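Letters are used for the chains, namely A, B, C, D, E and F, taken in the order the chains are written, and counting of residues starts over at 1 for each.
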Amino acid sequence: MKEIISNITKDYLNRLIKEGKRIDGRDMLEYRDLEIEPGTIGPAEGSAEIRLGDTHVIVGIKMELGEPYPDTPDKGVLTTSAELIPMASPHYESGPPGKDATELARVVDRGIREGEVVDTKDLCVEEGEKAWVIFIDIHVLDFDGNLMDASGIGAMAALLDATVPASEEEELGDDYELPIEHVVIPTTFTKIKDQILLDSRLEEEKVADARLTVSTNEEGNIVAMQKGLSGVFSYEDTQECIKRSKEIGEELRQKVLDVSEKDKV
Amino acid sequence: MGSKDMDLIDEDGKRLDGREYDELRPISIEAGVLKRADGSAFINWGKNKIMAAVYGPREMHPRHAQDPSKAVVQARYNMAAFSVPDRKRPGPDRRSVEIGKILSEALDEIIFVEQYPRSTIDVFIEVLEASAGTRCAGLTVASVALSDAGIPMSDMIASCAAGKIDGQVVLDLGKNEDNYGQADVPIGLVPRTDELTLLQMDGDLTEEEYEQAMELAMDACHDIYKKQKDALRERYSTDLEEQEFEEIPQEGIEEG
Amino acid sequence: MKEIISNITKDYLNRLIKEGKRIDGRDMLEYRDLEIEPGTIGPAEGSAEIRLGDTHVIVGIKMELGEPYPDTPDKGVLTTSAELIPMASPHYESGPPGKDATELARVVDRGIREGEVVDTKDLCVEEGEKAWVIFIDIHVLDFDGNLMDASGIGAMAALLDATVPASEEEELGDDYELPIEHVVIPTTFTKIKDQILLDSRLEEEKVADARLTVSTNEEGNIVAMQKGLSGVFSYEDTQECIKRSKEIGEELRQKVLDVSEKDKV
Amino acid sequence: MGSKDMDLIDEDGKRLDGREYDELRPISIEAGVLKRADGSAFINWGKNKIMAAVYGPREMHPRHAQDPSKAVVQARYNMAAFSVPDRKRPGPDRRSVEIGKILSEALDEIIFVEQYPRSTIDVFIEVLEASAGTRCAGLTVASVALSDAGIPMSDMIASCAAGKIDGQVVLDLGKNEDNYGQADVPIGLVPRTDELTLLQMDGDLTEEEYEQAMELAMDACHDIYKKQKDALRERYSTDLEEQEFEEIPQEGIEEG
Amino acid sequence: MKEIISNITKDYLNRLIKEGKRIDGRDMLEYRDLEIEPGTIGPAEGSAEIRLGDTHVIVGIKMELGEPYPDTPDKGVLTTSAELIPMASPHYESGPPGKDATELARVVDRGIREGEVVDTKDLCVEEGEKAWVIFIDIHVLDFDGNLMDASGIGAMAALLDATVPASEEEELGDDYELPIEHVVIPTTFTKIKDQILLDSRLEEEKVADARLTVSTNEEGNIVAMQKGLSGVFSYEDTQECIKRSKEIGEELRQKVLDVSEKDKV
Amino acid sequence: MGSKDMDLIDEDGKRLDGREYDELRPISIEAGVLKRADGSAFINWGKNKIMAAVYGPREMHPRHAQDPSKAVVQARYNMAAFSVPDRKRPGPDRRSVEIGKILSEALDEIIFVEQYPRSTIDVFIEVLEASAGTRCAGLTVASVALSDAGIPMSDMIASCAAGKIDGQVVLDLGKNEDNYGQADVPIGLVPRTDELTLLQMDGDLTEEEYEQAMELAMDACHDIYKKQKDALRERYSTDLEEQEFEEIPQEGIEEG
């Protein structure tokens, strides 16, 4: 699964970074162009197509009636899946989700769940018996780094696009917009030697020592974090990432709301 | 094919979506749409949205599956969970396995596989939105992605279906026509030789109806072939305008 | 999975065929001896043992009460499985069905389903709630080519042998014969160089370029077709196959009805 | 073993199917019944119908599972979906895995495995119809198939069970006896040495009852051994009468 | 999976045994020290930790309400699983249970089931509808031979420790001790050359030709037997093993009852 | 994190189990508790009971997964079926896969992996009883097991969590606090350098609360580090007292 890189390229990238430069000319804590297109998938209850540089992800939302969990009988159910299909990278393989896809799905899931993005109480149809189950499916078509953000922002935009198909069921009334309470934005940093970079491309991820995803909501609170890879962050590093995450999160949140044609939630 | 409790052709001979009996749904194809893949293409066919990517020729793993005399063409047909009204559970079902197999065989014919012994040529067909006729659309767009990847081929495969609805033979069944019609005949054609690399049939047809269906479908494949070539022509002209920003020393990149 | 053959044998077979001969002396469009023995498996609701030359297949039918599909609430359910068990060939492996077994099961299934062989309306017990589920299991014991026909004809004969075990359930009345509406016969052709052969043996399949299965019913209509392998057929080839399929299908259909001790359906 | 709410022995000491306490169900064995397999045999034992096929010795895959000092004997025990009243889901369940393991071990003992290092000898046992005692019938017929394949062996394994029903020790439990009896002791015997290569027991037996059961079962194994040898004798005599039609140049056939 | 041993060690062990000695100085039919600690696992309904020499096994019992089997509508359900986790031996691998784990679970299961250890009639809540399902999970932490006995005795002790959590369900009354009717003890012998050994350690198992497990109950009756490995036993061998199994079974049974603080069942 | 319908801190500022806001649950660690493993340790942390075993460095299989430049650290986190109130189905679920991944990464940092190219170092973490904080307890005990195995390391990882309950930042959430609290921040620390090799966070924290949580957790990690070192010291002193009875010629034992 791991993307491999030659020593020549590695040296080149490390030298660039030492000089304070990135391969595409960005500043260290600058984001790539982000295109968000909601509603591209007809049969989905909600969807969003994300292009973050050359990273291309589609997130689709499907809803079905099911049983609530026994410990939350008055709430709907959220479930997030990610497939790293072999279309997206020569190193992805067919088959059940591996470790990377599992981590990706769980990190996106926690951002949405712990950030209380969806008002799941509004998804209960009959306490303990029937509730809407929301499937968030992440489909990665082209992989040029930073899947965490592309997928997490895609999930957020797809949820904002989603409609509960109540009218398809008997006696459940009209369709209604999925009730969204918070807009959570993940931002992912990597550390290469002593330098912290935001929104890394694939080549940068290949040489990264450590990775940190910070998800914040519109109140500027932190709702989820995930460190990855073998390297380390200092406590001060994490403080720096959190500050930058709040700033850029604010911008990206506004962009997501704009394309969704929604005001603040 | 389904039961017959729906009128699919109106008094004027028009179909539900207003098409004539010999009319294709709107088709648009774009080549070269993905960065990582060696070749790629995207097709919009009616309400079908399908992406195809090609990787290879590359060394085949596991080794015992290698063919010492030629490349093995492996098409994977996969439907996204959100591509259909009722969510599809991720992972291959029996239908996907069968379609992957027949699309692999259909594409194998046109590729000069002897040039790449012990290799694999992987073709990934991702159905993002499905609305009847995905295997034909998938085979059509996969051929373009193979060309985009520069795989040496004798031709492309153009593919579409004809079928029977309300007792009448028509071209390119839409979703309701597929559900409530009486027969469906998807074909894959080598346009230069008019030979069939894909042929399936379901339903109930007399010999005469079969022949009518084949004529409609084979004719339409030639139209689709034009769209495939246009997409490639468009792709090459775009390439000339673009300038790649990034200049990583490419000779150094190894892939594990 | 693929059966491999040496160049010597390949050349020999190609030479034979060029001379218009087959390895067992048959004409190009001639069928092998077909033995059909229904009812060999006691615990099955229906069964048939098929010997097509040295190809040996057993098809068993089991029935259980289950739920109808939501889109056909008033119909029973048909489901076909095939296992290419390693007993039948040195190249088959244990494990879940591979591509060949999947294609085999689906082609047999489509012939029966699209040919409307079984009156599934007669298998509904309670609309939307309870219906008979018919399991058609194909068990290949010995493999000498043309599994499509051996399995498809075996499934047809086993269905004609089958009894719905209604008396095992409460308040469902007496057992009754499975209601059969059509008798569908698959016939499979291969193409070797420019020659079309009917009912190929294993060695012939090994050198075949393409394969075509045509299934017809007692009205002479085509109900299912499946092309396989990498080679091509011309349109004219397919017309020739259909004509021959109707002829030989008529003979085989009579044989199936004879051993089933049934008149025409 | 099950509960006891069924009379299994009548006033005259006869069992449900009319057998005496020391009587086997009818057994017939035929060797050499499959074409592709290197050796094969079919057994009808009461209402059990079981086919066995042998492939090998052949190179073992994957290689890391090879034993450099001997052949590995791998028996697969499989029940057809339709072999039992309630359809069995295809694929190995825990019972099949365990039976395959103990049958592999039981057969290993008699095969000269040292003659074929790095090889596998595969024994496929397919239960087409099951009616109590399939592991014994399977072991018996597998031994014949191994002989038919010409695998060098020190002997065959003859196998049957004794058990307890209605408090009495009897031979070869039938289906109801198995369901409603109190104990079952399947054994596999090397007839020349009277050694046990298979031994299991379920239920409730005193030491004395165990000894009675073993005497019944061991005696019966010698009778079964005769039937095994008869099947092989029959097979060889048939061979002399047959003429193979087909004359493909066999030296040329390679298997991948 | 199979534990491999060098020829030097093999020769050494064979020579020792020929001289009537074992690697740890025990007599041929002598048991190792057995420590049984019930109730070590808090969340389990019953548990026991077993140390048989250096073999270390934990057996946990969990109970859930479920459906009884159709053929025993008035009884609870027993189900036994074993995992040979890679912690316990360098030769165990992650993944679904292999042949050894499957045989282990089934032999333990049969001893309990055929020995009628649990009064399953007392576990039925509503005939044909609801009954307690008892999960016996065998977790092997350290493997120095004779898993059959360590696991079987552990399961017995865990069952004696178990409480039916009736009070967690509505209207099922108070918790009650799992009703135990018999105490079944498995004892396992190996045969090395012509010598029979009781309770073999790992090195002895590695050179063993055959293995025999005999399970007896408090009446001295045999309730389950299982021969394993490729070698043979004579009929007389099995008689000897049964006699010894009854003797040592009596001792071990008393020990299990003692630690459980129970009198005879 | 869960809803908030439970009081988790009383009027005196004490938590449900009587702890202060900055107090760890009782922790005891024992090293060298398994015979077969190359290294092992057991931890009792509150009501968590977790065993860790280390095998390796040993040759990695399959070979194509080997790294020619270093050892691959593979941690497997597994919960016993009986470790939680509702029986956990055996086999890895998504949570276990993720935790195994992040623990592998957290441990990799401190091991001198370059010393063992093409090898694997396997760390098995078995949760026998689970009661909030198993990943931290698992990482802590795994570090001790690695030391016990003699794996060359630059340091150990000490791990614990801080979180927020009833609006207050506290150390080391217990089970009810985890279920009904508002945030949890598990960390893994390299005590010598105060660097973070593990960091996750769930819930809702302001920047200030995050900083309070980190200070609590980092301080506590230094206390835990002492317990880790004590466990190893205890282990080595025990070793000197013990005499191994058994004297098998060890040079002869090969492992396949």
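The rule is short, and it goes like this: a residue touches a chain if its C-beta (ideal position, glycine included) is under 8 Å from a C-beta of that chain, and two chains touch if they have at least 3 such contacts.
Not measured: the values here are computed from a predicted model.
The minimal number of chain-to-chain contact steps leading from chain C to chain F is 3.
Repeated interface: A-B and one of A-F, C-D or D-E share more than half of their contact pairs by residue number, and that pair is C-D.
The chain with its Cα centre farthest from the Cα centre of chain F is C. Farthest chain from chain E (centres taken as the mean of C-alpha atoms): B. For the pair chain B and chain C, the distance between C-alpha centroids works out to 28 Å.
Inter-chain spacing, taken between the CA centroids of chain A and chain C, is 48 Å.
Going from chain A to chain B and on round the loop of contacts, you meet the chains as A, B, C, D, E, F.
Of all residues in chain D, those touching chain E in their complex are 1, 94-95, 97-98, 100-102, 105-106, 108-109, 185, 190, 193-207, 210-211, 214, 218.
The touching residues of chain E, counted against chain F in their complex, run 2, 4-9, 12, 23-25, 40-44, 47, 54, 56, 58, 60-62, 64, 81, 83, 85-91, 94, 96, 135, 137, 139, 141-144, 203. Interface of chain E with chain D (complex): residues 97, 99, 102-103, 105-106, 110, 114-116, 212, 217, 220-235, 238-239, 242-243, 246. Here chain F touches chain E in the complex through residues 34-37, 47, 49, 51, 53, 55, 58, 76, 78, 80-87, 90-92, 122, 124, 126, 128-131, 245-246, 248-249, 251-256, going by the rule given at the top.
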